[in-house]
Each structure stands twice: as structure tokens, then as C-alpha cells.
Amino acid sequence: MACSKYEYVKLFEQNITLLPNTWLVVRVDGHSFHRFTSEHDFAKPNDIRSLQLMNYAAQRCMQEMQDIVLAYGQSDEFSFVFRRSTNLYKRREAKITSTLCSLFTSNFIFHWKRFFADLELKYPPSFDARAVCYPTDQNLRDYMSWRQADCHINNLYNTAFWSLVQDTSNPRTEREAQAILKDTDSAAKNELLFTQYGINYNKLPEIFRKGSTLFRRLSEVAASTRDGTSEVKRTKNLVVVEHGDIIGDKFWQENPQILSI
Amino acid sequence: MACSKYEYVKLFEQNITLLPNTWLVVRVDGHSFHRFTSEHDFAKPNDIRSLQLMNYAAQRCMQEMQDIVLAYGQSDEFSFVFRRSTNLYKRREAKITSTLCSLFTSNFIFHWKRFFADLELKYPPSFDARAVCYPTDQNLRDYMSWRQADCHINNLYNTAFWSLVQDTSNPRTEREAQAILKDTDSAAKNELLFTQYGINYNKLPEIFRKGSTLFRRLSEVAASTRDGTSEVKRTKNLVVVEHGDIIGDKFWQENPQILSI
Amino acid sequence: MACSKYEYVKLFEQNITLLPNTWLVVRVDGHSFHRFTSEHDFAKPNDIRSLQLMNYAAQRCMQEMQDIVLAYGQSDEFSFVFRRSTNLYKRREAKITSTLCSLFTSNFIFHWKRFFADLELKYPPSFDARAVCYPTDQNLRDYMSWRQADCHINNLYNTAFWSLVQDTSNPRTEREAQAILKDTDSAAKNELLFTQYGINYNKLPEIFRKGSTLFRRLSEVAASTRDGTSEVKRTKNLVVVEHGDIIGDKFWQENPQILSI
Amino acid sequence: MACSKYEYVKLFEQNITLLPNTWLVVRVDGHSFHRFTSEHDFAKPNDIRSLQLMNYAAQRCMQEMQDIVLAYGQSDEFSFVFRRSTNLYKRREAKITSTLCSLFTSNFIFHWKRFFADLELKYPPSFDARAVCYPTDQNLRDYMSWRQADCHINNLYNTAFWSLVQDTSNPRTEREAQAILKDTDSAAKNELLFTQYGINYNKLPEIFRKGSTLFRRLSEVAASTRDGTSEVKRTKNLVVVEHGDIIGDKFWQENPQILSI
């Protein structure tokens, strides 16, 4: 029973590689998460436990894959940016995409209990992933801006939508809420939230409005000396999580290490 | 904060599709499973719990994705065959590959306890996946034969290897075992197993020697009538698991529905 | 001035290959041939010289590339079919496509004079090309049928269109001809040709209505013996040109060698 | 005879596109030019007529395709650089590659007589082509440097090789010449040329040593006024040909328009 006779079938593999010297972005997306969030009674419009679990899983992925320099998450999606020069798996698309997608899925489930202590997973959730190359820093920043703008737009809409639906004195059906919000612009949604529900949208937690940005930063950490007798400061390249604006220049100017790697 | 300004970045996506009217095979592989099996004290050369978990996870994937007509697993890998005519996700490679890889990972972890009752997962395992197209039935069968021949060759080697290492009266180091087996053919390994360890290789469980084949078969199942008063037979298209030979013609002749779909 | 420092740029090449064991079809198409035919006063609706030149160029390509088993031409396009098992240029798409496109272009110009004796080429024409894989014989035949049905539909339309425009007693503008033919079916066009212009469409030359099919056939050729004293018959695998139907089964049954290679 | 039944075959086309916002380089290469140059008695090591024909054909391609900003030719190859932002044929790889390859071939043959007045083409030459994307200016410049360094290395070797073979007083066979040059470095080849043949390599024509660079430059051209009475200067964006160094910074600093487009 020799293998050799059948090995020709390996030649049918394509092995698409991602163009060298470009930023690689892999976006992981929740698969059928509408059903998943509803069966697990996620808080609406945002479930903080879920966002924190997403962030935690993403952080673990970054610890595992040192070539990820930046990650951005919102809702049920997470984008991971590999440094331009990465040669991970020889830049084979299927290998990078599937491994990261699996690792994220795996961490999401493994650490579920840490964030949903009282809630059992009812069935195994899954994600999909895709890889895209961006040739310039500007293209990459525009990609990040695209995701953060998307976060803002969806969150403003969802906040207004669920305020109407969850309005205890005058609850609307989902269809009614949809009709009310149809064709309203941002200002109108802000206004509705403020006048009807006393919600100042801009005061809502940044994690909801801006999403989560993970990146590496040299940070001082407390450490014990070897003999354990005293404490010292050590410098480590830690993955940190922030929720600020990444569309403007400020974030990038304050963290020049991200794009310079 | 409009999205439109940034949406051009979507144009950088490639959306590779898999050639229509070909068998799609997605092979999911354990990622760094050498470390994973060792940290979780898997039995050597085969851990039946792990194989059963793999099979169970694969079965769940087949229940979720109706276009999978066949799956074959051995060791830490599983190959899934989608029917030629599938239009799942418009045959987009990244979407099919990442979704199935994630779903398999997810089920592997979710159902871990069912097979490893007493053993906690120490860290989240991950898998990678790749897709390949096969134009003809013969190419597909040769692919399946390749994996089953690979299973046989590795299992015979591993059985001999671990017999030498786990030999209580004369234990060998892994390096010694390797040296002993170097350049031996199948007959020699069979002979060594039989004369030194009383093992008739061909009597070992088929699941170890042949792997596991999952496919759909119309099966009679017992069901209650609606009023619950009596029991009836119903015909269902169930996913069944077998461990026989799939290299010869017999399996395919007995299950013509697999390739005819 | 060493090359080695710069050679890394070779890694940016993608080298897409065409799936093994599939029929490869490369279709070569005239580029801006509307202008080309008008500047060279091609007869309308068909210029027999041009069709013969196309056929001649295609024949030369088949003589150069032995793995082409079949070719079909109509108007300013030619489709070439490589046998499933071809390993030409390791099935690299860009290499196959560009080489054949260039070879066809080259022969078209080189042999121009043979068919347009009295007419000088005014400027160099060009073609583009694309490759497609077809997994089954049926897919390939459907591709061929698609091109021949396209030939028929266009030729019937063009014959009616140019009859109206070139009508000496009642010439129409191109816009008027278009308006008259808009929304007419085949029967109406046949009727118009017959009643107004006495043209029995089905009696028009097959090369116009059915295009040209080139394939290899074992043929007896007359040859001289080595000493030149007498003539003998030899069997050669010649490229022949036919203009019959290739949509029905007859052509394929009479020429089983084409698909069996 | 409807087309619609067969049109599904169009879905088998892949339509690979080239990553946006990258420099596109298409390199056209002579196909079997060893035979072609020998059957047409090209001068060795360089045939100036052929180089001028190549340049002329390239120039015509640049006039036809305005998005080509730069081209570099040497021996039987020509590289064409499209501006990063080009959207020619929606950046479809096969379309760009095959069209340019065909256009170059076509011009090469069409203008043959202009440079080989007394020599008839014996058979139609052909070329192949491939496309590569380069994300940064530096990658593009390294590509150009790679080709020019290659030109230098080959030309120095060929000059020495043909000097030995064409040496009237002591002609060597090609095999002997090869053996003499094996493992010699640049200095040794320069030395051999100078001491044995009185050739100062660095004084040889730049077109041989450096190849040909074509690019667009705003140039003053003499033109007549409309009434034809007087002559005026007009500014036009002409394709110019140079043979200087493009590895160093000077060329790029003097022609900043090339990369800034």
C-alpha cells in the first residue's frame, strides 16, 4: 500500500501567496452571530462581556503570532494586521487565514467562562476569515478608518433602535423602530436619543462607540529580582487595548512604532 | 464620519473562487499537535478518545454543511469532500476554508468533555485548513487513497516505534527506536511486532489502521408517532462512520450515492 | 554590479497554474477590431479573406503546439483546446496565454499577404487572450456549443443588418437597420432576408454560419519514396478544417480521437 | 439554437486582478529567440538593428497605452511599468498581459522592415509575457536595477565569449570559450577583452552595456502656426529613449515625474 502512486494529487493544490512587502489584514467575522447572540441573550445594543471576550481572544492571538502588530475589533469582527515584512507560513493565504481564524475561534470558546461565568455555551460558535493586502500605510489607515467609521455608524443606529424597542413606557416593535429611523441622519439620531431617552451619545463608553484597538507598546512592568528579595522595573513589549479614535493622525503619531515595524 | 470615503479599500479583496463542477476537498490539520498531544498525555501510538472526538466534530460539521458528502479522518487531520455542484458561499475559497476550519475547531473544543471527561483542556488547540479541487471521480478517489495509505504507513511505523519505546522489559529511547526502524519495510515491521511483542498488526482496531470514513446513508430509524402511542420506522439520511478500506472498489460500489450526488 | 542584491524581486511573481486534468481553453480575441476591419475595408457581414487568414494562423499555432487538440474560430476570435493532460509550461497560466496570443498575432500578420494580396496592413493589429479550465467533456462541449451558437446568432443578425444597409434600392442608415431588427426573432430575420433580398439564410456558406473547426485527423497523404522513383501513401496526423455543426453529437462521434486524447 | 443554455460556462473564468495601488510591471520576453537570432543571422554579441526594433516597438506600445510610464529593454526582453493608479482593463491580469504581449509582437513584425531592410523575416517570431506587482517605489527601482545589472553581466560575458569565438587569428569553439570564461569575475573579463582584443569595455556603446530606458518627458517641439506662416515652440509629453544608468539615484532625481504619477 504505497503512497507514491497517489501522491500526484498534491499537485492540484494552488498555494496562493500574499504579495510580499504589503500589510496583510486578516478579518475574522462571526458566522451566523445573529442567531448566536439571540440564543445566548446578549445585551442589546452591546454586550460588554462579549466585547471583552473578543478582545481577550484577539490578545491571545497576538501573543501567539508575534508578526501581528495591530488589531481592531468591533461587534462580532476583528481585523488583524501583520507587519509588511512578515514571512509567516511563507505568506500562504490559506494557511495564514485558516490558522488565525481557528486560533481566534478556539480562544473565544476556551475563555468563554472567564466572561460569561453564569452562562453556558449552548452550541459552538464559528467565524470566517479573509485576507487582504494593502500596499501603503495610507491604504492600511483607510482600512482601519473604514472599520471604525462602520463601528460608529452601526452603533449609533443600534443604540437608537434598541432604545425605541426597549422603551418601557412606549415599546416599539422592531419594525416600527426601523421605520422611525429610516432616512434619519446622525444628528437626528443623536437628537432622538437625547430628547426622548436623556442619552448623550458622546458620553457612552468608548468601547461601544469606537471599538477596541490592540497594539504592542514598550511598557514598564514590575518584576521581582531572581532572589525574590526586591522588586524592580522591567521593560516589556506588551499588547495594550485602547478604545480611542484611530481615524485621525493623533493615534498614529503617538504610536509610531506600529507602522515603522 | 462617513464610511464612503474609505470603502474603496474593499476593492483590494481578491475573492478567489474554486473551479465549478469539481470535487472540493478541504483538509483540516492539527496545528502544533505534537505539543498538544504531549501536554495532554495522549496515549501512543493512538488515543482512541481523540479519534472519537475528531469523528464527532467532523460529524457535526457534516450536519451543519449539507453539501459535504464524505469525510475521512486519521491522526490529527480530517478531509471533507463537498459535492461537485456545491455553490456554498459561491465557492469562495477563503470563506469555505475558514468557516469549516473554525467550525471543526469549535466543535473539537466544545465536545472535548464528552470524550476526555477527566481531563481539562490546558490551552486552546487550533487547526489549519486548505482547499483543493479535483476534476474527476478518479482524482478524488486517488486523493482518498493517498490519505488512507498515509494512515496505514504512519500507523504501522508508530505502532512499532511505541512498542519499542514502551517495552517494559527493554525500553528503548526514541532515538534508538528510530534507528531500529530506519529502512525497514512493512514486512519487517509486521515481523518485529509479532515476534517481539506478540502483536498481529492486522488484528489491531480498524480505526487505527484504516482511519474513519463518514458519509450519508439512508437509514431506518425508530420514531414515535405524533400521538406517541406507537413506534414507527422512518427513513433518514444519516451520517454514518466506518473504518473499512476505501482504496479498493468495494466501498464505492456499495455506496454509489456518494459520487453520484 | 551584482544581480543578487536585487533578485528578491522575483519572489513577487505569482505563477498561477491551471488546475491539472482539466481541458484548457485559451480564447484569442481581436482587440479593437471594429476599427481594424473598418480601416481595412473588410467586406460585411463577413470577409472571407479574414476568416481564412484566421484559420491559417490557427493552424500554424496547432502545428507549433502539439498539445492543442481542437480549435474553433468565428469572426475575430479563436478558441484553442489543450488536452487535459498537457503539462505545457507546467500549466502556468500567463505563459500559456501570452505565448499563444503572441504566436497567433504573429502568424496573422506574417501571413497577411497570402490572403490580402492587394491590401497593405495599415497598422499592426493586436489580440487579447484568456484561459479557462473545464473539468468534464460535457463542460468543454458546452463551451464549444456556446461559441458556435454565438456565431449563428451574430451572423444571422449581421446578415440581415448589412442587407438593409447595403440595399441599393432602399439603403437604410445603420441606426434604421438596428431599429428594424430590434426584438425580431430568428424566424423574422430569416423571413426578412428571404422576402426582401431573396437570401435563403441556410444556403449561405457554412464557414459564415457555423465558423471553423480545426482538429487533427489521421489522413493518407501522397509521398514519394526515398529514391523518388515511385509514389506511396503515408498516414499523417494532419490538422484539418471543417465548417459543420459541433453542437450535436455527430461531430464528436465521428471524431472520437479528439476527446479521448 | 439559443446561447443561454450554454452561457453557464462563462462562470468558469477566474478573472484574477492585480492588486490596486501597486506598480504593475509586465515583462515581454522573446520566445525561442536563440533559434530566431541564429536563423536571421543576428550580429553577436549584439545586433543593433534588433535592439532598435525592440525600442521602436516598445515606443509604439507606450503611445498606445498611456498608463505605461516607463519601459526598460535589453537583449530580447522589455519590461513595461504601468502607473500605480492605472485601472486599465480593471487591472485584469490576463487582459493586460496578453494585450501588451500581442501589441509588442505585432509592432515588432510590422516594423521589421524599417530596421532589417535587406533581410526578410523567415518565420513569425513570438514572445511571452508575465505581470508582477510591486508595492513600493523601492521595490520597483530594485526590479529595474535587477534587469540592468542582468544586462551588464550578460553583455560583459557575451562580449568576451564572442571575442574568443570570432577571434580571426585564434578562433575558439563555443565550448572552449565557455571553459575559458568559467569562474572568471568581471575584472578578469575586462582584462581579457583589453589585453587580447584591445577592447575597453567601458567605451562600448551604452545601449549594449546599459540597455534602453523609455519614459515620457515634457519636450519642446517645433510646430507651425495654423496659418502656416510662422514656426512656434509647443510643449509635448514625448516618449524619449536613453541608455544611461538607472540603478543610481541620478536618473530618478532628474526625472521625478516618472514615479510621481
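We just call them A, B, C and D in the order they show up, numbering each chain from 1.
Criterion: contacts are C-beta pairs under 8 Å (C-beta built on N, C-alpha and C of every residue); 3 or more make two chains touch, one makes a residue touch a chain.
A quick note: this is a predicted structure, and the numbers were derived from the prediction, not measured.
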Rotation in the CA alignment of subunit A with subunit B, degrees, nearest 5: 180
Distance between chain centroids, defined by C-alpha means - subunit A, subunit B (Å): 31
Subunit A and subunit C: spacing of chain centres that average the CA atoms, whole Å: 52
Rounded Å distance, subunit A centre to subunit D centre (Cα mean): 47
Touching two or more other chains - residues of subunit D: 12, 14, 16, 19-21, 133, 139
Chain-level touch network, classified as line, ring, star, complete or other: complete
List of subunit A residues in touch with subunit C within their complex: 11-12, 14, 16-17, 19-21
Of all residues in subunit D, those that touch subunit C in their complex: 1-3, 5-10, 12-14, 16, 31, 60, 93-95, 97-99, 101-103, 105-107, 109-111, 121, 123-134, 139, 142-143, 145-146, 149-150, 152-153, 186, 247
Contact set on subunit A toward subunit D in their complex: 19-22, 84, 133, 135-136, 139
